[in-house]
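Each remark here refers to the structure printed beneath this line.
Going by the order they are written in, the chains are A, B, C and D; count residues from 1 in each one.
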Amino acid sequence: MKKLINAPEDVLVESLKGVAAAHPELAVDLETHVITRAEPKAQGKVAVVSGGGSGHEPLHGGYVGRGMLDAAVAGEVFTSPTPDRVQAATKAVDRGAGVLHIVKNYTGDVLNFEMAAELAAMEGIEVGTVVVDDDVAVQDSLYTAGRRGVGLTVLLEKLVGAAAEEGQDLAAVVALAQRVNGQGRSMGMALTSCTVPAAGKPTFELPDDQMEIGIGIHGEPGRHREPLAPASEIARQLVEPILADLDAAGPAIVMLNGMGATPLIELYLMYGEVAALLERAGVQIARNLVGDYITSLDMAGCSLTVLKADDELLRLWDAPVVTPGLRWGA
Amino acid sequence: MAAETVDTAGLHDWITRFGAAVAEKREWLTELDSAIGDADHGANMARGMSAVSEKLASSAPAAADDLLKTAGMTLVSSVGGASGPLYGTFFLRMGMAAGAVQELDAPALAAALRAGLEGIVARGKAEPGDKTLLDAMSPAVDAFDAALAGGGDLAEAAKNAAVAAATGRDATLPLVARKGRASYLGERSAGHLDPGAASTALLFESLDATIAAG
Amino acid sequence: MKKLINAPEDVLVESLKGVAAAHPELAVDLETHVITRAEPKAQGKVAVVSGGGSGHEPLHGGYVGRGMLDAAVAGEVFTSPTPDRVQAATKAVDRGAGVLHIVKNYTGDVLNFEMAAELAAMEGIEVGTVVVDDDVAVQDSLYTAGRRGVGLTVLLEKLVGAAAEEGQDLAAVVALAQRVNGQGRSMGMALTSCTVPAAGKPTFELPDDQMEIGIGIHGEPGRHREPLAPASEIARQLVEPILADLDAAGPAIVMLNGMGATPLIELYLMYGEVAALLERAGVQIARNLVGDYITSLDMAGCSLTVLKADDELLRLWDAPVVTPGLRWGA
Amino acid sequence: MAAETVDTAGLHDWITRFGAAVAEKREWLTELDSAIGDADHGANMARGMSAVSEKLASSAPAAADDLLKTAGMTLVSSVGGASGPLYGTFFLRMGMAAGAVQELDAPALAAALRAGLEGIVARGKAEPGDKTLLDAMSPAVDAFDAALAGGGDLAEAAKNAAVAAATGRDATLPLVARKGRASYLGERSAGHLDPGAASTALLFESLDATIAAG
């Protein structure tokens, strides 16, 4: 395992120390692993909280700031944070107008945030929850854990953060979150596995001439493995399952995301391929992101997220955002 | 002949043995989770059980319910992931069922285990055959009950439960997962043991060892 | 070789296509590989041009935009662009007030930009040149090619871009560029080699338990190889040679840069280590960047850049910048 | 007996042979550059020489200077890197020295080669022993001159130049680089051939083959 770390068990806290050193505009609690804005929002505003396992940086801590999250809770690598820490974040940012929990659909995240919401209710804090489940690689079914929450989480945090920032109430913010979740889909692939520091070796072995299609963001193996293909073919394998699941004709916000070890030159190349396919299918890309926004440690690969947009979503998208990971308009 | 009750010290011993087993099998649990999950089950359980040991070392409660609830709360607040709330709920519900007593006889322990199991079902909403820790825990608790119903003693119940848990763990091998992270793999999840079922088999193996030693 | 590409020889143009698709605010010439702002600066403003081999993304194309570069010229991977293309960029952005060429100190870059400046002179365009040479891994000497230009290039492009944007004349912009180059230093290290697409295999082999200290940004082997060390020790090996060469006590702008395949969680961890060492040495980090700003394809590793700052440099640093790679204040 | 002059077609043949040699040895040149540079010398030279071939195929100039200058300009505008301006300057200066003639006799070719060499020195400011392509080119041009001065013919001059270039290439092996990318390696650059010296040896090997065939 080759990583810029000291002891594997210290990775999370030491990385948070670096975040604290780099971003005086954030308050980083090294005990609870909760990141909040140094300057909290005013009383009476809905607070937006997200969190999950670490290893997806800049998600979630990098999205704390004006126009996006009020707090992020960082779990151990790939492990949902515990309920007491989610509750600590919830209490820290509640401004009397309720708190939205943005949860990615994994059993661990759902259970821990559920328990946290129970704790919050006991203390009289109103909590709304959205469970993001946008990953078309996973067949959805009533009888399974359902689809995973992946790339759409980034777009949702931005849009919902803008709505909360402009003073929308909890019901409106929750409704917006549900709506965004309903009209966004993602699909990912990997060229290599990632290596969890505590495990010390790659989660899966992928021969030099193979790739995994349909991976999530935790080094889980994908839906299937196949021979390494050119970017144009990979693009097709990302675009088609999304469009099979979502009628995305019309304006859209599109993200081509790197998994952590994919250089930008490749991401742009893939974006060119993907944008051409989408546009041929009638998707009008109104806004886009190309870069590392929700990663999987040192995995090489990428994911595509397509969110159907409208004037309201584009307005919220363009609203100012000032976070380490996304910044514009201010 | 083994004792017919287990006291708080015995429950503590069980938890200690489980912690040791998890620490010993940590890499194996993580390997199982690498195949169909996210390579952290060993780390999760080891982190949680070492937090429990520390907590109980600093102040070991005298009553059975306090001990079990402390273990459960500590797991909930130190593990995260799926296994934290699930194992945490198991011990919390066991504690609630056990009540403020100093020792449990065989039927009381059976009732507590059953309550723990039901707590996991209520939280995780999995069913037998979904390829989760339930596939080890549910037959284990059933076997415990069946042994008592058949006139067996505590030792026999614990032994049968341990065997049933191990059998249940092995039976997860061919299953296609329908809950938890492994479910994302679809058909590819078949051919691998479920990591949670593997740690649950350790839980019942440890219980058996405790009773046998006691 | 595992990359998100089609044919190796098409990587550059196809990646530029993706840049064009992602950034309507840029004009990308797929013939000359020149990237300019879609909305050029007004007449009478100094233009700032940079360029070099590709494979360092977001450098340089990702720094074209308001407050930074007017044009970037993308060469083939790790190969300086040719003089005619630099000249095409120079002509495209000249607004009658002269053009600054920002050149990284490599023989190829220096020679090609030199020939381009000769071509520009023949057409009556006044060109000033700064050759960035900040890499303390390389011993400087009158008799060698001198130090390489690496991370400082990013900070210099930002600062000089701000000065040009606010209307400073060519002499002032050149003087600023020289000053910045004089008071900034960098040092890099690698955990892995990179793979040049056309070469198809890693430039150097690095065993699993070894690292290279003192690498550049072209997959050149470093000054020496040694056993893989903890982040704290690596941080020391980056900080010490910089401070041995630069009296950096006082305010500074610091960049901890990823080489392309290093996840953000590791970069933040390294930043924590580096910031602590610098502060112990009397460096007051006034501004910082942590992320992938000048990369080396898919190399894993990082580099540290320290630039002595003062009120004037901090003012220019804080000036609005709107580019794909750096954005704030607007 | 070989011809005592080389005409424009002969120069064209030389360039074609050089292009073919570079294409054939492309991977080797890149490998040499991987060891002490940035793994692109083969790609650079191949890209440049194939651009030159294409250019000359579409319109081959009749005069020696036009031919050489076209080759030089095409290299300058298609290669980039260090080798583009250097090899480009070499052919440009050769062309300027050759003048608008249809053929060059041995002394004229010698003068043109010398002018090309001096162009490289003026651009790159390297000295012999710096571990650059000069270490092959400088002895090659010297050997060419020496053969003529000693009464040798064009063929002998070309042969001796090719041998001197190859010897010069091999002599770069132990050198510590002082110019170009390899200089960043310091002492570690010793023990490797210089990639540019290797391509220059191909240049003179091609010249020798052209003259011998002519």
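Keep in mind that, in the parts below, a residue touches a chain if its C-beta (ideal position, glycine included) is under 8 Å from a C-beta of that chain, and two chains touch if they have at least 3 such contacts.
Just so you know, these numbers come straight off a predicted model, no measurement behind them.
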item	value
Most contacted chain pair (by C-beta pair count)	A-C
Rounded Å distance, subunit C centre to subunit D centre (Cα mean)	32
Chain centre separation (subunit A, subunit C; CA means) in Å	29
Rounded Å distance between subunit B and subunit C, as computed from the means of their C-alpha atoms	55
Where subunit B and subunit D are represented by their mean Cα positions, the distance between them in whole Å	76
Interface hub residues of subunit A, defined as touching at least two other chains	77
Multi-chain contact sites of subunit D, meaning residues that touch two or more partners	none
Overall pattern in which the protein chains touch one another (line/ring/star/complete/other)	line
Which pairs of chains touch, using the document's own definition	A-B, A-C, C-D
Touching residues on subunit A, where the partner in the complex is subunit B	53, 75-85, 106-108, 111-112, 114-115, 135, 137-139, 143-145, 148, 196, 198-199, 203-204, 216, 218-221, 223-224
Complex interface listing, subunit B residues touching subunit A	30, 34-40, 43-44, 47, 76-86, 123-124, 178-181, 183-186, 188
Interfacial residue positions of subunit A with respect to subunit C in the complex	2-7, 11, 14-22, 54-55, 57-58, 62, 77, 191-192, 208, 211, 228, 230-232, 234, 260-273, 275-276, 285, 288, 290, 292, 295, 297-298, 300-302, 327-330
